[in-house]
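Each remark here refers to the structure printed beneath this line.
Letters A, B, C and D name the chains as they come in the text, with residue numbers starting at 1 for each one.
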Amino acid sequence: MQEQQLRVGLIGAGRMGADHALRIRERISGARLAVVADPDLDRAQQVAGSCGARGTAEAHEVIDDSTVDAVVIASPGSVHEPLLLAAIERGLPVLCEKPLTPDAKSSLRVVEAEEARGKHLVQVGFMRRFDAEFAELKRLLDVGDLGAPLMLHCVHRNASTPPGFTSEMMIYDSVVHEFDTARWLLGSEIEAVTVRAPRSSSGSPEGLLDPQLVTFETSSGALVDVEIFVNCGFGYQVRCEAVGERGTALVGADGGPLVHRSGGWGGTISDDFRDRFGDAFDREFQRWADAAHQGRTDPNAASTWDGYAAAAACEAGVQAQSTGTRAEVDLRERPDFYAL
Amino acid sequence: MQEQQLRVGLIGAGRMGADHALRIRERISGARLAVVADPDLDRAQQVAGSCGARGTAEAHEVIDDSTVDAVVIASPGSVHEPLLLAAIERGLPVLCEKPLTPDAKSSLRVVEAEEARGKHLVQVGFMRRFDAEFAELKRLLDVGDLGAPLMLHCVHRNASTPPGFTSEMMIYDSVVHEFDTARWLLGSEIEAVTVRAPRSSSGSPEGLLDPQLVTFETSSGALVDVEIFVNCGFGYQVRCEAVGERGTALVGADGGPLVHRSGGWGGTISDDFRDRFGDAFDREFQRWADAAHQGRTDPNAASTWDGYAAAAACEAGVQAQSTGTRAEVDLRERPDFYAL
Amino acid sequence: MQEQQLRVGLIGAGRMGADHALRIRERISGARLAVVADPDLDRAQQVAGSCGARGTAEAHEVIDDSTVDAVVIASPGSVHEPLLLAAIERGLPVLCEKPLTPDAKSSLRVVEAEEARGKHLVQVGFMRRFDAEFAELKRLLDVGDLGAPLMLHCVHRNASTPPGFTSEMMIYDSVVHEFDTARWLLGSEIEAVTVRAPRSSSGSPEGLLDPQLVTFETSSGALVDVEIFVNCGFGYQVRCEAVGERGTALVGADGGPLVHRSGGWGGTISDDFRDRFGDAFDREFQRWADAAHQGRTDPNAASTWDGYAAAAACEAGVQAQSTGTRAEVDLRERPDFYAL
Amino acid sequence: MQEQQLRVGLIGAGRMGADHALRIRERISGARLAVVADPDLDRAQQVAGSCGARGTAEAHEVIDDSTVDAVVIASPGSVHEPLLLAAIERGLPVLCEKPLTPDAKSSLRVVEAEEARGKHLVQVGFMRRFDAEFAELKRLLDVGDLGAPLMLHCVHRNASTPPGFTSEMMIYDSVVHEFDTARWLLGSEIEAVTVRAPRSSSGSPEGLLDPQLVTFETSSGALVDVEIFVNCGFGYQVRCEAVGERGTALVGADGGPLVHRSGGWGGTISDDFRDRFGDAFDREFQRWADAAHQGRTDPNAASTWDGYAAAAACEAGVQAQSTGTRAEVDLRERPDFYAL
C-alpha cells in the first residue's frame, strides 16, 4: 500500500515552497514531489530538479496534471483563490499556506465551493496546531484540568521585518496565527478586535506601529491579548499562557542547553519560525499526506472555514487598528459541514 | 549614634499592623515600638505588650506623644487623612500603608500639606519597590540595556478573596500596586485607563468581575497591561515583564526547590503577599527607619505624590470599569517639590 | 532518484522492532520495509503486514534476500554477531540497535570483519547523538566556547524496571548510553571505570544495587560521573551537564507546558525513552537511510568501533561493580579505518 | 525586654568581620556592637567607630570585657581555640565563623570544654542552614515526601581564587560547607571520603587540582558527590540535588530577572557568597542574637559538635586527596550532650 507514494504538485518555489520541497523529499514518508510550478521557471526547475520532479511556469498545469494526487500551495495569497477553486473542482486534496485568501469575501467563496463539493479537501497551513507544546496545551484545556479558559496572554516577536512590511501586515501575516491559535485552543469564534499601540520602537522602521497590543473577544467569553512586536531585535519568540478557572499553562518558555559562562547564565533564542516550528511543519505535512492518501483532511488541521474565520478576524483587526476603536468580526453562520 | 533607637508609634494593630510590630521587634535594626494604637484596645495592648510598648485606643495620642520619633500607619485608608495631616504638622516621619487616602482629592490635600511644610515626611507602603527582583528590573531599565521601555505585561493573582470583596476593590486594593510599579519602573505618569473583562470565573463570588484585563497608557508612551485575577484558586503570583526596544526582562518566575516526583516536576507557589514580599517589607522598614533617623525619607520609596498619583489612577480605573470605556486620569501638575 | 526507495529488511519484531517499522512506514522518507523477520512468525507477519512487507521466521533470510538494500537489527544482542558478519560480507548497510554484541570480544570480531571489508557499513543505535539538545551540546563543546571539557555530570533515571533486571544490566543496558555519549561529546576513549552505590532504594527490587554512582576516566583527562537509578518511580530523565574550563552547559532540563494550579507549579515528566527520544530516533533513521542510499554511513552516528568501545567500557563497569574497585578498560588500539 | 540590646564583641575586623559589623548595625534587631578587636588596631577602630563601639588590638580583652554579652569570632581559624575556650569558661554565647578550629583534635578539645561546662554556647557559622532554599529542602526531606534520601549531588563553584589558595584549602574552606550541609540534610555522620580529579583547568593556577570530584559515604547509607571548582571563571554557584526513594529536589537553580536580548536569554550569576547568601547570614545572626538573649543556641545552627565533625571530615578529605584512595573519617562517639 505504501508503495504508491502520494504524488504532490507544489505551487510556489520561493523560500517557503523550497522549504516544503525539502521537507517532502527528506523528512516525510509516503509522498514525493511530481511537479513544481513557479512564475520564475528557473526557480521552479531548480527546486523540481533537486527532487526528481518536473518544473513549470504555469500553476494551473499542476492542478490539471493527471499524475498529481494532491497539491501544496505556497504562492502569494493573492493568487490562491482560483487555484483553490480549481483543485476543489478536481477533487484534489490541498495543503494551502496561510492565508487561505487575502480577504474574507474571497475566502467565503472557497468555503462555499468546498461545501458545494461536499467533501473536505483543503487544509490551511497553521502549523502551530502541530507543535508538540501547543498540542499539549490544547490537551490540557480539553481535559478540563485547568477549568474553563478565561484568558490567553500571547507574545509574538520577530527579530526584524523585511523592507515594505506594514502595520496591516502585522495583523494579516503575524497576528493571524494568534487568531487561529485562539479559535483552535478555545473552540470558539472571535467576535471583536481592539488594537492599541504604545509609542513605536526606535528600532522599527519609520511609520510602522510596532509593537502593538491586540485584544480580542471570543464567543466563549474568553479574552485574548497579543503583543505583536516584529522588530524586537533579538530573535523569534512565540509564547501563550492560558488562564483557566483553576489553573494556568504556559507554552513557549525557552529551552535548549542551559549555559553558564562569564556574563551570565542562559540559552539561545530561535532565529525564526522555521527554526522554532520546523518539527511542527514536518508533522503537519506528514499528517496531511497520510490523510490525503485516505482521501480526507486531518481533523486537527485548519479547515477552509478556519481560513475564512481567520480572514474575517484580520479584517476586523485592520479596521480596529486604523480607527482606534473596537471592531466587530463579520462572520457568516457556520454551516453544519464545518463542525468546530 | 545607633544607641538611640528610633521610637516608633504604630497606628492599627490588625493583621498588617501586627506583622509590622513583629518586623520592628525582630528583624529591623535601630528602631523599637513605643506605643500601639487601635480602636480595639485589647488588640492594641496585646501587640504592644509583645514589644515592650504601651497600648492605647486613641490614634491621635500616638502622634501627640512626645516620646514618639516616627509613625507607622496601618489602619484602614478611610482614617488616614487626619492622621497624616497631624503628623505632618508635628514634623513626624510617617510610613503609611497604602492607600495614602481613599481618593485623589483627599490625597491631594496631604500632598499640599506636606509641600507647605516644605519637608518630605511621608512614605507610602508600596513594598515592591524594595523587592530584590523588582529592584533589579528597575536597574536594568535605568541603565538602558534593554532600550527604552515600550510595554509592561503584568500578572497579579490571589488564591481567593475575603467576603465582601468587590470589583472596585480589585482596582483600589490590587491593581494599585501595578499603578505604582509602572510609574516607578517607567518614571512616568499614568494618563488613561481601560478595563476589559472576560466572562467571570465560576470560582469567583457571584457578581465579581474576576478576572479583569486592565490596560493603561503612560506619559512616556509605554503601554501597560495587567491581568488581575483575585480568585485564581492556586496561590499568589506577581509577575512583570518589561518589553524594551532592544530586549525584555521578566520578574516573578517561580523559584524555590525544583522537585521531581510521581505526578511531575515543579515547585510550590507562594500563599500570599506576606510570604512573597516578606523580605521586601523588611527592607522597606529598615530603610525607612534609617532615613527617619536622619530626618528624611527614602528616595526610592513612594512619596506622598506617588500615593496621590496612585489614587488618581485608581479613580480612573474604577470609572473605566463601570463605563466600559477609556477613562483619563485627572492629575494636578507635579510641583517641583516632588521630583519623579 | 528518490523514486527508488531504500528497501529495508527488519530483523526483530518485538517492541523496539515494531516501533522502528512504524517509524519507517510513517515518519521516514525514501525507505520502505520489504521484509520482517522474527522467530515468532505471527509477530513478524503482523508487523510486516501493516507495512506491505512480507514476514519470515528466519533472520538470515533477510540478509540473503536480494531485494533488500539495507538491514535494521532490533533482535536481542546475543544473536547480533552472525547477522552483522553476514551483512558485512554481503556489503549491506546495517542499523544495529545497541548493543553491537554482548561483549567486547565478539564486538571486536565485527570491527575486524568490517575493517577487512574496507567499507563502513554498520551504524549502532545510540540515538542520543541525534537528539537536538545533545547535538547542540556537542556543537557548544566543539566550537570551544566553554573551554576544554573537564567533567560531565550525568543523570539517567527510569521509573521502574521489568522483572529480571539485574545490577549488571544497569551497566550494559543503561549506562552504556552514557559511555557512548561521553566518548562522542569528549572525543576520547574511556580508560577506567569505578562504581559506587549508596544503600539501595526500598522501591527497587530486592537484590538490585539501585541507584549507583558510576564514574569514569577518559583519555582526554575529563572525568564523568553518572547517577543511574532505574526505579526512581517518577519517570524517565536523562540529564547531562558539561563542565568546561570557561563555562558549563546542561541538557535535559524539563520542558513542556508550565502549569500553575492548586498544589504548585510545574510540568510533566517523560514516561520513557520512546517519548523522550522519539524525534532522535526519527532523525537517526532518516540520516541512516539517506546515507545508505549513498552507500555510506552517517559520520555522526556510532560506528562499529563505537559499539566495540562501549562493550569494552561495559565490561570494565561490571567488573568495577562486582569488585568495588576501579577497573581499567581493555581496548585494542584504534585502527586508522576508524577515525574518532 | 527588647530595650536591653545584646552587646556584642567582635573579634576580627577583616572583610568578613567588617561585613558582620555592618550586619549587626543595620540589619539585625536587638543587638549592637560594643567592642571590636583586631591585631591591626586601625582596622579595629575603623570598624568600631562606624558602629559606636570601641576598638582594641587584644582579642582576649573582648572576652574579658564585662560589658560584652556575646561574641562573634571572625578571625583566622588558627587562633580560634583559645578564644573559644575562654568564652566557654566565661559562659559567653559565641558565633564562630567556620572553621571551628583548623583540625579535629583541637575541635574536640572545644567540644569537651563545652560539654564539661554543660551548656550549649557555641554556634558555628555554616550559613547555608539559614538559606531559604536549603531550609525548604531540609523540610522536604524531613517530612518524607521524597522518600529516604539516597544521594546528594552537589556543585560548588567560585569564579577564582586568591593567591596562595591550595588544593587542601579546597577541602578545608570550600567542601567543608558540603560536609556540613550533607550532615545537616541527611541527619547522619560522614564515614569516608574519596577525592578524584580530572586534568586541571588551564584557568586555574599552576599546581592546583581544580576541579575535583569529592564523594563521601554517610552513616545513613546515602552517598554524596561534590564538584568543587574554584576557578570556574564565571561566578559563584552552589547547587544541591537530593535524590530520594520517591523523588528528587534541587536547590540553587538560577533566579533573578529573566532577560531576552540580542545574544540570547538568561540572567546573571552571583558574584560571590556574600551576594548569594547575604540573607542567610542576616537570618543566622538574627536567630543567634535572639537565642543568645535567652541564654541558648539556635537548634538549627551548627553546634560545636558539628564544627568538630566537619573538621574530622576535612582531615579525611585531605588525606584522600593526597593518597588517591578512600579515607575513613575518625570521629569520637557522639555524646548525648550533642543530639543530632
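In this text, contacts are C-beta pairs under 8 Å (C-beta built on N, C-alpha and C of every residue); 3 or more make two chains touch, one makes a residue touch a chain.
Everything numeric here is computed off the predicted structure, so don't read it as measured data.
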Farthest-lying chain, centroid of Cα atoms versus that of chain A: D
Computed distance of Cα centres, chain D from chain A, in Å: 57
Intercentroid distance (Cα basis), chain D paired with chain C, Å: 44
Computed distance of Cα centres, chain D from chain B, in Å: 37
Junction residues of chain B, two or more chains touched: 233-234, 246-248, 259-262
Overall pattern in which the protein chains touch one another (line/ring/star/complete/other): complete
Contact footprint of chain B on chain C as seen in their complex: 233-235, 237, 254, 259-269
Footprint of chain C on chain A - complex, ascending: 1-3, 24-32, 51-52, 133, 136-137, 140, 145-146, 246-251, 253, 255-262, 279, 286, 290
Chain D-touching residues of chain C, taken from the complex the two chains share: 147-148, 150-151, 153, 155, 196-203, 211, 213, 215, 217, 220-223, 225, 227, 229, 232-234, 243, 245-248
